[in-house]
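Look at the two complexes coming up: chain A is in both, with chain B in one and chain C in the other.
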Partner chain A sequence: MTSIDLRRDIAYVIVFIMGIITTVEYFVVSPGLRSISADVQSWATIVAAFSLGVGSINLLRIHGRQVVKRGQGYYNNAVLLAGMCMTIVVGLWGTTSHPTYQFIFFNILYPSDTAVWSLLGFYIASAAVRTLRIRTKEGAVLLVAGILTLIKNSPTMGVVWGGFSVIGDWLLSVPNSAAVRGIMICSAIGVLALGLRVLLRQERTSLGGR
Partner chain B sequence: MIASGRIAALGILVVGVMLIVGVLILAKKGKLSPKIRKVPGLTAIEESIGRCTEMGRPVHFAVGRSSLTSPNAAETIAGLSLLGHVAKLAAQYGVELIFTNQLPEVQPLGEDIVQQGFVASGKGEQYDSKNVRFLSSFAMAYTSGAIGIMHREKIAANFMLGGWYAESLIMAEAGFNQGAIQVAGTTQFAQLPFFITVCDYVLIGEELLAAAAYVSEDQVQLGSLVGQDFMKLIAIFLVLAGALLSTVGLSDLARLFRL
Partner chain C sequence: MGAIMKLRAIDPKVVYLLLFIVLAVPLIRPIGLPIEVSMYAQRFYNQVEALKPGALVFYSLSFTVAKTVEFYPQMVAVTQHLVAKKARIVYASWLVDNPPLVEKLFTDLSFEKRGLKYGTDYVHLGFIPGVATGMASFARDVHKTVGADYGGKPVGDLPLMAEAKKAQDFVLLVGFLSINFDQFVGQIQTPYKLPLVVGTDGVSFAGMLPYLSAGQVMGILNSMIGAAEYEALIRVTGKGTGYMDAQQMSHFLIIALVIVGNVAMIMQRGSRRESR
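And then the complex of A and B:
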């Protein structure tokens, strides 16, 4: 057995024990078990937070190499690295409530984030146009259902005919809910089967096994 | 003592575990050789990678935003299993695989899985760690980084398999604009309409979760899918019985399963 195999075996044992603890804690009323489960979940969060360092190292390695080699658009990589290093230094030195950190967050990161979010509106419009083209019978049903739901949600159409609201509500609460619940029930069963495959070590790829 | 309101869920869990483990044991002993229907989205994975070889362009893979510490971790685990499969195929076909990531805890796993995929195909020396890229843990910063990569690297296939949220449509549209073959999958039903609109193949809900077993062609893993089908039969029976009983005014069954 190689050291990598041994490391993976240890990881599987940890996954199995932690999986059993958190599952049993959900069903059994036991303050002791609840406290252990809360600790386990805190450890998971702490380990996940440490992995942010791994991500930062990956960014440094990939973008640093590009800057050193003066590859195409290397100045973009340099800006990214400078921004990252500056934010880390300010955050560590003056905490996240420091005015410089707040400036970076609210005047650079937040508006950039919001700008990308706003693209979604345009993409939804173009996706809607593509969806509502009738190519099949199912497409025609989707078009009719989509238009009725749009009419139901528009403020003026309810005045024209009250039936739009009744039909729209029925579409959302009956066929739509049935489909969503079908997906949810099947997904829940799928999660159970996948969890068992992982816990019983039948499904190995997700922890890096062959 | 069992927590109140969770007895029925515990019962279902116990029955489910017994069924799936029972079927796994039967499959391990060789007493069960399940036949699985073809899932077009999964058979399209190899075709897409073949197309990348013909075009000499890379494959892009991403697992989305469901953290491994969140209740939706199963989607990410399923995506990572498929990453291993795609890495093996990419190595076999000699295609560049770019894995972009927004979950820090997935980064070491992603590096390991892609490397193992190349090693398993006997092409470990072709693994390039710079193609497993952590972009940002901010969803939209990640999204803009990923769509930039998709455009610059001129990807020919895009796999978005895992837990996807608001960024799903922006990324899938970027792949569509590149003319890439797109295979997406998630259990987030709010994102499924976007994927169905923009992508060529979509793995809906449990298809994603079963995908790793499907592509492994391992009889034991496939056996668990048979257990899943038995569970679905039980669920269908309970839904029908609950609907009938509620219709005649008996809501005890519905009340039993209310969380």
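And then the complex of A and C:
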């Protein structure tokens, strides 16, 4: 057994014990188990906070290597690293409520992120204009549903004729909800199965296995 | 006829330009289009309106910065209503992006000038890591999960937090959620059977409706429409109302272009049949 296998085995034992404690505690009323589970969950919160640090180190390694090698577009990596380091230093030195941190957040991150997201609206509008065509019966159904949804999302149209709201609400609460419920139930069963596989060590990729 | 035919294969650049114009003009000069309040926003409003003075509310956020435009007007409108109802609010974020927005909210709504006292009337706990596990831990034991507030002050030193020790201490959950919504319902709302109202973005809205019909969510604000509707309910003209003019105009433009494109396609089909 190699040291990597041993480390993986230890990790699996920890995962199994923690998983069993938190799962059983949900169904069985036991003050002792409840207290242990509460502690486990508090630890998990702390571990999750550490994962942000691990993520930062990983970013530093990957992009730092690219800068050192002077690979293609290395200046993009350098800008990313400079931005990350500057934000971390300001955040740690002056806390996240520091005016410089707030400036970075509201004048760099917020506008650039929002601008990229907003561009999506233009692409969707153009795609809708070109694709919503009555070429087939299914296309006609999609067109009518699309237009009704746009009308439903324009509150002024509800003032013009109340029927638009009624039809829009029906579309959302009946066919849409039925489809969403189906997806939700299937994905919940999938998550349950995945959880069981991880607990029973059937999902080997979850801890870096092959 | 020729012009309509050209519209069948309209250049995307023309669509972009037209869209830019119909979005920009109402933003510069608002039209003031009338707004009909949906039952989703009305139900959200009713929950807040029913709060008694001093009610303890848990107000949490989980959305990426990119979606701030959709969420922030909702947050402003709802917070104004909560403050008017004299609710005491505990703010927290499940995503690292959100705490600065809560601080901005305090500044924009002039909490201090309104006489609201930090620690007694409101508290900001900042980012709570761990997603579902963090939520479960918070619901069970707030003080064990969060040692200090956003400014680093021990939670035990804040008078309001003496009453907020576990999820059941809150009378209403207000969430501005897109990411982690399912986890929030699964870890906090359902196990403790607490009333939850949610503000969300346009993309997530349809996916949340089954929770509304199941009674797990009591009301939903849908993106900027939700913000505009809430502003109409609390009789305040805010950013949501201004943005809605632009959004509605863009909807009308898309509908018009889709109709014209289809008419052109049908006419072209007819002329082809005639030529055969």
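A few notes on this one:
As a working rule, the second predicted complex is superposed on the first by the 168 of 210 C-alpha atoms of A that agree within 3 Å, B and C clash if a C-alpha of one lies under 4 Å from a C-alpha of the other, contacts with A are read in each partner's own complex, and residues count from 1 in each chain.
The criterion applied here is as follows: a contact is a pair of C-beta atoms (placed from the backbone, for glycine too) under 8 Å apart; a residue touches a chain by one contact, two chains touch by 3 or more.
From a predicted model like this one, the values you see are computed outputs, not experimental measurements.
When the two structures are aligned on the shared chain, A:175 is found in touch with neither chain B nor chain C. Contacts of A:189 after superposition on the shared chain: chain B is touched, whereas chain C is not. Using the contact criterion defined above for the overlaid structures, shared-chain residue A:203 touches chain B, although it does not reach chain C. Contacts of A:65 after superposition on the shared chain: chain B is touched, whereas chain C is not. Legend: residue contacts after superposition of the two complexes on their common chain; A:154 is shown touching chain C, with no touch to chain B.
In the superposed model, A:163 lies in contact with neither chain B nor chain C. Touch criterion met: A:41 reaches chain B and chain C at once. Judged by the touch definition given at the top, the superposed model places A:106 against chain C, while chain B stays out of reach.
Contacts of A:126 after superposition on the shared chain: both chain B and chain C are touched. Overlaid on A, the two complexes show chain B and chain C touching the same residues of chain A, namely 41, 44-45, 47-49, 51-52, 109, 113, 116-117, 126, 128, 130, 180, 184. For chain B in complex with chain A, the touching residues are 1-3, 6, 9-10, 13, 16-17, 20-21, 24, 67-69, 74, 77-78, 80-81, 83-85, 101, 104-105, 107-109, 112-113, 116, 119-120, 129-130, 132-135, 137-138, 140-141, 143-144, 166, 169-170, 173, 187, 189, 192-194, 196-198, 204-206, 208-210, 212-213, 216, 218, 220-221, 224-225, 227-228, 231-232, 235, 239. Listing the residues of chain C that touch chain A in their complex gives 10, 12, 15-16, 19-20, 33-39, 64-69, 96, 99-100, 103-104, 126, 128-131, 133-134, 136-137, 140-141, 144-145, 150-152, 202, 206-207, 209-210, 213, 222, 225, 228-229, 244, 247-248, 250-255, 257-258, 261-262, 265-266.
Those residues of chain A that touch chain B in the shared complex are 23, 26-30, 41, 44-45, 47-49, 51-56, 58-59, 61-62, 65, 109, 112-113, 116-117, 119-120, 123-124, 126-128, 130-131, 180, 183-187, 189-198, 200, 202-203, 205-210.
By the touch criterion stated above, chain A contacts chain C in their complex at residues 38, 41-42, 44-45, 47-49, 51-52, 95-97, 101-102, 105-106, 109-110, 113-114, 116-118, 121-122, 125-126, 128-130, 132-135, 143, 146-147, 150-151, 153-156, 158-159, 165, 169, 172-173, 176-177, 180-181, 184.
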